[in-house]
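See the structures that follow.
You will see two complexes here that share subunit A, one where it goes with subunit B and one where it goes with subunit C.
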Partner chain A sequence: MKEFIDTLFVFSIQLLVMLFLAPLVNGIIKKTKARLQNRRGASIIQPYFDLAKLLRKEVVIPVTSSWIFRVTPYIAFASTLAIVLLVPTIFAPVPFHWVGDIITVIYLFAIARFFVALAGIDAGSAFGGLGSSREMSIASIIEPAMMLAIFTVAVTAGSTDLSIIVNRLSTTPASMVHPSHVLAFIGLFIVTIAETGRIPVDNPATHLELTMIHEAMILEYSGRYLAFIEWASQIKLLIFLSLLANMFVPIGMAADVSSISLIIGIAAFTIKVFVLAIIVALIETLNAKLRLFRVPELLMVAFVLSLIALILYFIIGT
Partner chain B sequence: MLNPQWISLSIEILAATILVTAFIIVSSRSLLFYVRLFAMQSILLGAVALLVVIGYGETHILIAAALTIVVKGIVIPSALTKVIDKIKVRKEIDFTVNITTSLLICALIVILADSVARPILDQQQVSDLAVFRVLPVSIAIMMIGLFIMIARKQAVSQIIGLLTMENGVFLSGLSITYGMPLIVEIGIFFDIFVAVLILGVFVFRINQTFDTISTDILRKL
Partner chain C sequence: MEYSLLLNDVLFAFLIGGFSFGAGFSLFFVKQQASNTSQQYNNLNRIKNFGFGFAVLASISGCFLSFLILLTGVPYHFEIIQTLPFGVLAIHIDQLSAFFLLAISLLGTAVSIYSFGYTKEFIQRRNISLMIFLYNIFLLSMVLVIISGNGVLFLILWEMMSLTTYFLITYEHEDSASRKAGILYIVMTHIGTAFLVVMFVLLAGYAQSFDFGAFRSVRDQIPDSIKTIIFLFALIGFGIKSGVIPFHIWLPEAHPAAPSNISALMSGVMIKTGIYGIVRVSFDFLGPGPAWWGILILFIAVVSSVLGVLYALMEHDIKRLLAFHSIENIGIILMGVGAALLFSSFGYKAPAAVALLAGLYHVMNHAMFKGLLFLGAGSVVHATHTKNIDELGGLAKKLPWTMLFFLIGSAAISALPPLNGFISEWLTFQALLLGFNIPDLAVKLAIPITVALLALTGALAAACFVKAFGVTFLGLSRSSHTNDAHESSFSMLAAMGLLSLVCIVLGIFPGTVISFIAPVTSSLLGENISALSVFNGGSIAIQQGAGNGISPMVLIMLLGGMVLLPIVFGFAFAGKIRKRISMIWACGLENVNPRLQYTAAGFSKPIRMIFSNIYRSSHEIEVSEETSTFFKKTIRYELKTESIFQKYFYDPIRKITVSGAMIVRRIQTGRIQSYLTYIFITLILLLLFAR
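Coming up: the complex of A and B.
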């Protein structure tokens, strides 16, 4: 019985932290960007207000759209929530880690992407179709790059289960420092930027017809539908940041439910994620958005780096 | 004395980073960026040489390491930057092989380099040394340098390709024999240094005569 309560406790903490930290991470990125550009910027808790406002607002649905348009926000949000339960954040073995491994995570992302792309076409506006086609063509390079980067770490740990990877790496700290991990980290970082629609690939702040990718697909959404999609994409960013943080630097993960290791776990996780968020903001400030036809080149760098990481693992060995 | 395991680990990581810089050179198109990446690559290489000095007590590489950092890390890049400033060509626009394909070919090169180096490594008894395992990486860097020379048309990028190849040679020297004899190293440095100066002047002259530094045009002489 105690075990059951512990599992439930871990489960709910994981869910709550991810749900309610995600808008804050987004706010921090926006604030950092604003300060770097000599602006005051909105408060870092602004994204919470935005979500609350959107949830209260009325929903407008295009007359041409079908049920797909209405069901997509929930599918996107639900699949993201499912991923949250599989990715180790504060606890090293997440309670439901036996449900799915990294391949499940990648394909849960794919489900969300597939439905959002469908909804983009479904709404019947010209921009939606454009955004969908761009998103899918970028995704076709991101997915293998992400898989290879994570497989590199998986090979080191000898498992594709995220929790086992993190556990093995944190018990043998020497194996974390490996040349192929450096490459895989860079590869996964580029994937993170591309997947979450950050600046060298997509600009989350504008609605400029020619450049937008993710924004173009969700252009017709409003009210609580928009809130769910936005929230899902904020959680997605947090998931990627915690993958980066916990797979490559699995320090301070809580292994049990005692209050001390919990506090250390939460503190370590927030610090790691905030540092990564600030790095993302720095990259957004220092770079201009790439022309769409140049984006595949950047993604190819990520793909090749991840591939080389995997090859180097076998060349240099353990 | 430092823990030899950490020394070998840092050598491996630095070698991997050098390989990454070679890949970034292949993936970019700005000439100034090439030069900066090359400078970074050379400084990392100097760091590898210094680690070999510290970890394995090969003091004769100390001079080679210092030369690498000063000549290839500072002097040659600044000379090339001046050339680029003068000829006012900033970007590579026309490619023989486009960037995406180039990157994939370079990934294949790494696999090829490994399969070339594997038989050599297998015959040795001392293969547990980390420096030794860097051999495939150094062969890959050499071949990527060669590939840059083949795939890029601008004269400046071809110089960078040559220099990258030379860095690969130096790294492989370090990995097999802890560096070549000093007299050979100095000879190579002098060679490279003069070559870059002459090539720099040459690029400038090509630009004056043809209004471009694309070596494609040279066939029409």
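Coming up: the complex of A and C.
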């Protein structure tokens, strides 16, 4: 019975932290960017107000659309939340780690992308198709780099199970500074930027048809539907940041449910994620958005880094 | 046990008898197509129901028979006749044959059900009895190819299968494209058969018999050089049938030309007979060979899968698009097979078993979802009379069930969890990961490249199916073709529903499915897969020191639970959702024109730009103007992509063949005296040298 309660506890903490930390991370990125651009910027809790407002607003459904348009927000949100349960954030072995490994996580992201892209086409406007087309094209060329970066970590840890990877690496701290590990981290960081639609790949703040990718797909969404889609993409960013944080720097993870390790766990996680968020904001400020057809070159860099990482591992060994 | 064997006999009789009777019975009515009365319509309809009824019966018996063999592990053996030069012509269903038999029978059941409704429109328009005859013979010959236990019998049935397919491709023979596709197919498949004949003769030279068992027993006596020739010939011969690149050119022409129920069978299972052949020869007859065999198959697999999906992205003919995806999926299957061959050549049998398992799992998966997608495409073409998706759109409202089933098929082929495509790709990734333990540089380089390109393939496939599904079913209609589109008949929907269900079950219960495939891999590799993995019901795990597991059954429950969360949260936070239906935003334009939508060609443009080196595309824009350049009358846009294989592989071969034939033509004077002289000279030469 105690085990069940513990599991339920870890499960709920995991879900709640990810759900309610995600808008804050977004707020921090926006605030940092604003400060770096000599603006005051909105408060870091502004994303919560935005979500609350959107949740209350009426939903406008295009007359041309089918049920795909209406179920997509829920599917995107649900599949992102399912990933939350598989990724170690505060606790090292998450209760449901045996349900899916890192490969499952990548393919679960594909569900949300698949349906959002379909919804883009479903609206029947030019923008939706434009966004879907670009999103799917960029996602396709991200995939090899992402898979290789992840395989590097999986090979070094001897498992594809995220919780096991994290546990193994935290017991051998030397592996964190292994050259192949560092290269894989950089590769995965570029992948994160591309996958979550940040500058220089996509601009989350734009509504200019020439440049937008993700925003074009969801242009027809409004009200509560938009709230869930936005929220899901905020959580997606947080998931990627926590993958980066915990797969490469697994420090301070809680191994049990005692209050001390829980506090340390939450603190460590929050600090790691905030630092990464600020780095993302820095990159966004220092770079201009790339032309769409220059993006493959950036992703090629990520791919080559990951490939070198994997080959280095064979040459140097552990 | 006695009972079970008797049951096997009965099921086998039903399997063979059903198809044979269905075919034979329809032959009596081949000529009764002329008159146009309603009485005759009813007669033909009845004939059609009988014909496909027999096919359903036979297919279901096939399912049960293969289940029995896979469960009990007792092969089914049946000797037809003892012939003097060729040994015993025997039927032998071992685990491998039973597995492929299961795939054929399962898809055969669904497609036969589909055909009840689908072929209705052929009645009094085309020769329906001929269709029934060819359909039954086609299924029969595929089944017999898989279960034959003798090389000569195999080749005869292989030819029977090829010829039946030819007639089915050219069933709509008044279309010149069909005739052309048929000729291309029959030329290619006969080149393949030529290689297979040589291969079997080489094997029989050592075995002194054409019996498969004899091939197996002389495995160690064949010198390595001959083994290599046998392997390469098998790879070419069977590769042509399975449509791997560079032998694929017939496939995108032939599959769309055939009626859709036939396309489903061809793409779903016929090309798998090539995979069966490769597995049978390289694992069963030859055993582990040098490492480069595996590397060669992996190379072909990677090229086929990436180029297959890239070419598919450029298609807007829905059936051609699906045909190119077959090439891609054959590539994914061969990744598993190639990795298994590679691993076993280093003696790593347990990882090899996992890799082969992944390949075979994908054989079953691809049969199911590709069958489903072709049937869905058939329903769309049936309803709209066009294969060009750029003329479709908005079919979601007119074909709601077809749309749902096509969506399930699209999600499965895009490897979205927890559907079946995901499971086999996951297994392939895991198998490749296991290969990292092999201390060989070539392997360690081959695996990351395969992993990266498999990931690329999967993502591009998802992009392609967003395009195929989105452009066909979503948005607004792009032409008048969809005006009187109507939902398919019940039997067609039932067949698609059945296949959708199978796709879901294969995805949610991988452990159960693997327990059926595991005997196959252990019979071929002599290594039980459970040495390395655990599987039960809804979850599987590949143990590599630690559990790398997935549990799709729990995953789908989590997903289901998580769908409730936003609904409940939204309601609790802000009450019932308020909806308003309105026009879309079109930059201020009031009339929403369907032509504003992205087309299939537009959708794949970024991919075309990124991979421009492969496509070498060229486009032509033709504008006719009326009075000034601002008032354009018509704009014609034509896009061409170049097939590198056509240009650099097939065209040179064709040119050499034609010019060679021109040289040979000189000795063919047409005078009988000179031919007699040739015969005489040949005879003397043979007497001199070939004693």
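Convention: the second predicted complex is superposed on the first by the 318 of 318 C-alpha atoms of A that agree within 3 Å, B and C clash if a C-alpha of one lies under 4 Å from a C-alpha of the other, contacts with A are read in each partner's own complex, and residues count from 1 in each chain.
The rule is short, and it goes like this: contacts are C-beta pairs under 8 Å (C-beta built on N, C-alpha and C of every residue); 3 or more make two chains touch, one makes a residue touch a chain.
All values derive from a computational prediction rather than experimental measurement.
Chemist: Could you tell me if A:I90 is touching subunit B, subunit C, both of them or neither one (first, second, both, neither)?
Modeler: It touches nothing on subunit B or subunit C.
Chemist: Examine A:E297 and indicate which partner it touches, taking first as subunit B and second as subunit C; both and neither are also allowed.
Modeler: first
Chemist: So, A:L81: does it touch subunit B (first), subunit C (second), both, or neither?
Modeler: Second partner only, subunit C.
Chemist: Determine, under the contact definition given at the top, whether A:E143 touches first (subunit B), second (subunit C), both, or neither.
Modeler: A:E143 contacts subunit C only, not subunit B.
Chemist: In the overlay, answer first, second, both or neither for which of subunit B and subunit C A:I311 touches.
Modeler: The answer is both, since A:I311 touches subunit B and subunit C.
Chemist: For A:A22, decide between first (touching subunit B), second (touching subunit C), both and neither.
Modeler: A:A22: touches no partner chain.
Chemist: Of the partners subunit B and subunit C, which touch A:M247 in the superposed model: first, second, both, neither?
Modeler: So A:M247 meets neither subunit B nor subunit C here.
Chemist: Considering only the touch criterion stated at the top, classify A:A154 as touching first (subunit B), second (subunit C), both, or neither.
Modeler: In the superposition, A:A154 touches subunit C alone.
Chemist: For subunit A, which side has the bigger count of touched residues, subunit B or subunit C?
Modeler: Of subunit B and subunit C, the partner in contact with more residues of subunit A is C.
Chemist: Once the shared chain is lined up, is A:P179 touching subunit B (first), subunit C (second), both, or neither of them?
Modeler: So A:P179 only meets subunit B here.
Chemist: Of all the subunit A residues, which ones make contact with subunit B and with subunit C?
Modeler: 296, 303, 307, 311, 314
Chemist: Flag every residue of subunit A that touches subunit B in the complex, lowest number first.
Modeler: Spelled out, the residues of subunit A in touch with subunit B are 177-180, 182-183, 186, 296-298, 300-301, 303-305, 307-308, 311-312, 314-317.
Chemist: Inside the complex, what are the residues of subunit A that reach subunit C?
Modeler: 52, 55-56, 58-68, 73-75, 77-79, 81-82, 85, 96, 98-101, 103-104, 107-108, 110-111, 113-114, 117-118, 120-130, 132-134, 136-148, 151, 154-155, 158-161, 164, 219-220, 223-224, 227-228, 292-293, 296, 303, 307, 310-311, 314
Chemist: Contact residues on subunit C for subunit A in the complex?
Modeler: My answer: residues 393-394, 396-397, 403, 407, 411, 414-417, 422, 425-426, 429-430, 433, 436, 444-445, 448, 451-456, 458-460, 462-463, 465-467, 469-471, 473-476, 539, 541, 544-551, 554-555, 558-559, 562-563, 565-567, 570, 573-574, 577-586, 592, 594, 596-598, 602-607, 609-610.
Chemist: For subunit B, which residues count as touching subunit A in their complex?
Modeler: Residue positions touching the partner: 9, 12-13, 15-17, 19-20, 23-24, 27, 99-100, 103-104, 106-107, 110-111, 114, 133-134, 136-137.
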